[in-house]
Amino acid sequence: MDILLRQVGYSYAVDTPFEKRALTDVSLHIPSGSYTAIIGHTGSGKSTVLQHLNALLKPTEGAVIIGDRKIEAGVKAKNLRDIRRQVGIVFQFPEQQLFDETVLKDIMFGPLNYGVPEEEASRRAHELVEQLGLPKEVLGKSPFDLSGGQMRRVAIAGVLAMDPEVLVLDEPTAGLDPRGRREIMDLFHQLHIQKGLTTVLVTHSMEDAARYADQVAIMHNGRCVVTGEPGVIFADEEQLGDYRLEPPRTVRLQRHFEARTGLKLDGISLTEEALAKNIALALAEGRDSE
Amino acid sequence: MQKASSSYTSVRTYDLILTSMAIALVFVSTLLLNIRLPIAANGGLVHLGTAMLFVIAILFGPKKGLIAGAVGMGLFDLVSGWTLWAPITILARGLQGYVVGKIAWSGSRKGGSTGFNILAAIVSIPLMVAIYYVGEAIIFSSWIIPAASIPGNLVQNTVGLIIAIPVVAALKKTPFFK
Amino acid sequence: MNSTILSFEDVTFTYMPEDESVRPAVENLSFSIQDGEWIAIVGHNGSGKSTIAKLMNGLLFPQQGTVRAMGQTMSEESLWDIRSQMGMVFQNPDNQFVGATVQDDVAFALENNGVPHEEMVKRVKESLHQVKMEEYVDHEPHHLSGGQKQRVAIAGALALKPRLLILDEATSMLDPQGRVEVIETIRELREATGLTVISITHDLEEAALADRILVMNAGHKHGEGTPDSVFLEGNELTKLGLDLPFAMRMTHLLREAGLPLTREHMTEDELVDELWTFYSDK
Amino acid sequence: MMEKMIFGRFIPGDSLVHRLDPRAKILFVFLFIAIVFVANNAITYGLLIGFTLLVVFMSRIRLYFLVNGLKPVMILVIFTFLLHILFTREGAVLLDLGFMSIYEEGLRQGIFIAIRFLVLVFITSILTLTTSPISITDGIEVLLGPFKRLKLPVHELALMMSISLRFIPTLMDETGKILKAQMARGSDIGSGPVKERIKAVVPLLIPLFVSAFKRAEDLATAMEVRGYRGGSGRTRYRQLNWRFKDTASLLVLVALAGTLWYFRS
């Protein structure tokens, strides 16, 4: 399912003395099956953009086209439930949405609301708990009896259980320890690959954006200023600096290495593994050519 | 709600903060959470402040019920243009919270009996309505005008009751109350 | 100079003493911290780090062993005196801000300790200056970023002129910029005042800044030492659910890619240096 | 942000009224409420209007803003006025509409009550418009001071109020987030059949409670670590200063009461 933002503007608290413009003229195309990372400084409008993707916010200017639905500023949109089922959203600190008596019921909450039959919902819950690396026993426990990391996983399962076509993630790993962070990001990537799930990730981690995304969008002062491939975006350090962002660590190390040795690596290394390989290669070649 | 360390001071501090949170919860539910119902009174817009007040009084008893009702809703009046009503609200909602808590907690029930919880809320309704009626009668110097707000108050309270009971039941099942 | 400011002697604590099957959150733990040191405590989720922090300032009392701080044994009697000499900053910036405005919050601990008014005004100003938040005296918490709130929390701790500052994952909920702000603040404070700092963290880059690292695993002390010596364990740490600093991960990956790197590198500079020698050697 | 909307009732400023001690302002409002009931004829009500406008003027709050913020209250004023006209049947008939008549006394009553109502609303609103909630809390704490002897936990009450004020914006943000998160899971208190809307309340309130508990626990720990152990032995950072202008403001009110009494019929 393609999502298209067409010159979207959004203001909070319209028609009050506290009106606050959050987005201006944002155009962004999220192709079906892509993995898009949205990066930008704090307050640049990333979360506001995200909430347009499943019509939790409606643009005050411009239009958002989600699949075959069009949500236009000033036009009353009816029946947004379908959109919200197709576009699942994992908020920052999603464990805050847990409420039900047991983990099983909580995971089934979304699907049941959207009319999925009981057995099917339960089947999905069982499957997801396993997929997310949680022990089977948690299904019968109260979500409030779990550790922080487990709660986060259950909340994510609650969104995945609706079987969305698009998965929207707002800093899904904030506050987790390094292992938890890595496991969850890898899981999203796996889903993206295996199920062809269109994925949109808001993150402060340039490393994650570089590692996983095939399209990167930079937000700055409520505008979407650049979109492009990570290899191109993260190579342009000057531009990143203009938007108060730093390149990923791998890129910084690569530049450092290049400056010191005078060798030039091919392209730009977006993952640690790639960087190691490139450096090894360059050094080997450097030797040969002497 | 057991805290790991339970010296006298820490229990009191926690209690104080819990009460502050209760005030904030009542305020926020009054301001932000509205349900529109297809009925005429109040234009159909019902806030969840009353429901929240019932829940708090039932879960935490008369003292917190009193403070959450009086301060939470009184504060709401103060900051949202109904300053003149604040004294009435403080009295009516404080008493309402107290009565609900008192009945729901009578005989060491501690809000554990659904029957008593419902009874508590029902008993508090005429009390709250009457205080508002008398208070507004003084402001307006009339016994007729304040009658206009009775239906709205009744709807508000009824919806509060209908919502509070399942919420209490659900909350009682969370580990915080075991 | 090198006096012990805090020590644990064979401390065991369990949240559920009645339940034998639950393992203690902290077991037979001993360590000591010298005046002026910066110690990092690292460990996976649930390894007992926060429990240690709570034992340090008498929020919890051990079932076995002794906690000593500021030259006194922790007890109901000495507790308030000890607390007045240590500051603590917690993980969630929102849940520790008591005052209605920045200055009220910084003054809170002073009020509790009965500091006279003129002195309070002076100290509030001083502490806010130390964390570079003096321009924000009248700001309300919800108008501050996470990093700013944490700096206010640090100022609130500093106002009492503590000898020891404990940070329990104080940076883990912040965005990268907020994290840098807070770590910078701590660094500068240490340079200026020689404050003893205990930072509990998941962030190994942050831990690498400390003088000494204490590694926790499932309630036990796994080991302790300088960052260099601790990180030398390499994959052992990864097994404990921890990460390695970036430069070290790269060192390992480069080795896997066939480069015969001889040493472990803690910083990028060192790593690039060796790569360079390697290249220029030919 | 949303919190500005509620506390937006407080308009920071530097007028004489803003600078009065909150205790003076609270006492002023209570005294004023009592005094208003002294008025009973055209002159006294006229004086009240004059006095109120003077206070509004001195607060430097634009009348437009004051009236605009009070729209729902204004509707009530009009409603009250009409009811008095319709239901009072004393004095000469001013207008005979056939199906009903408007009496002189009704009109008089209607106007007077409306005026009383308006001056009350204006003066009480001026209090909250010129005093920050936290100053009001400070004022209340000190004014309630004498009740400490009756074992009323005044210090605790004031601390509770200030903590709740501190957490209201936080919980409001949180409420917004939970609302959206559950909406994304297909449960919405804003649309669908009534039964569904009511059902959608549970998934909303439980997380809100849980989050409040969590915050309470964290905050209690943080407060204790910072040496909080009840009200005794504490000093105050915020100081209130009672100055001459505060006494003067109350004296003016006494003068007003005297004048009203004199002109009362």
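In this document, chain identifiers A, B, C and D correspond to the written order of the chains, with residue numbering beginning at 1 in each.
The rule we apply is simple: contacts are C-beta pairs under 8 Å (C-beta built on N, C-alpha and C of every residue); 3 or more make two chains touch, one makes a residue touch a chain.
Which protein is which chain? UniProt says A = Energy-coupling factor transporter ATP-binding protein EcfA2; B = ECF transporter S component; C = Energy-coupling factor ABC transporter ATP-binding protein; D = Energy-coupling factor transporter transmembrane protein EcfT.
Being a predicted model, the structure only gives us computed values, none of them experimental.
Colleague: If you tally C-beta pairs in contact for every chain pair, which pair wins? Let me know.
Modeller: B-D
Colleague: If every chain is reduced to the average of its C-alpha atoms, which one ends up farthest from subunit A?
Modeller: Relative to subunit A, the chain whose C-alpha centre sits farthest away is D.
Colleague: Roughly how far is subunit A from subunit B (ECF transporter S component), going centre to centre by Cα mean, in whole Å?
Modeller: Distance between chain centres: 40 Å.
Colleague: Find the geometric centre of each of subunit B (ECF transporter S component) and subunit D from their Cα atoms only, then give the gap between the two centres in Å, rounded to an integer.
Modeller: Once rounded, the distance between the two centres reads 19 Å.
Colleague: State, to the nearest whole Å, the distance from the C-alpha centre of subunit A to the C-alpha centre of subunit D.
Modeller: Here subunit A and subunit D have centroids separated by 44 Å.
Colleague: Can you pull out the residues of subunit D that are in contact with at least two other chains?
Modeller: Only 1-2, 163, 165, 202, 206, 210, 215, 219, 223-224, 228-229 qualify.
Colleague: Could you list the positions in subunit B (ECF transporter S component) whose residues touch two or more of the other chains?
Modeller: Touching at least two other chains: 10, 170, 174, 176.
Colleague: Where in subunit C do residues touch at least two different other chains?
Modeller: 54, 59
Colleague: Quick check on the complex: what are the subunit B (ECF transporter S component) residues that touch subunit D?
Modeller: By the definition above, subunit B (ECF transporter S component) touches subunit D via 1, 3, 9-10, 12-14, 16-25, 27-29, 31-33, 35-38, 48, 51-52, 55, 67, 71-72, 75, 78-84, 86, 139-142, 144-145, 148, 159, 162-163, 166-167, 170-171, 174, 176.
Colleague: Going by the contact rule at the top, pick out the subunit A residues touching subunit D in the complex.
Modeller: Interface residues on subunit A, with respect to subunit D: 12-13, 16-18, 20, 51, 54, 56, 81, 84-85, 88-89, 91, 94, 96-100, 109-110, 113-114, 144, 158-159, 162.
Colleague: In their shared complex, at which residues does subunit D touch subunit A?
Modeller: It is residues 1-2, 4-5, 8, 174, 177-178, 180-187, 202-203, 206-207, 210-211 of subunit D that touch subunit A.
Colleague: Within the complex, which stretch of subunit A touches subunit C?
Modeller: Going through subunit A, the ones touching subunit C are 41-42, 147-149, 174-180, 204-205, 246, 249, 252-253, 256-257, 260-261, 263, 272-273, 275-277, 279-280, 283-284, 286-287, 290.
Colleague: Report the residues of subunit A in contact with subunit B (ECF transporter S component) in the complex, numbered from low to high.
Modeller: 99, 101, 142, 144-145
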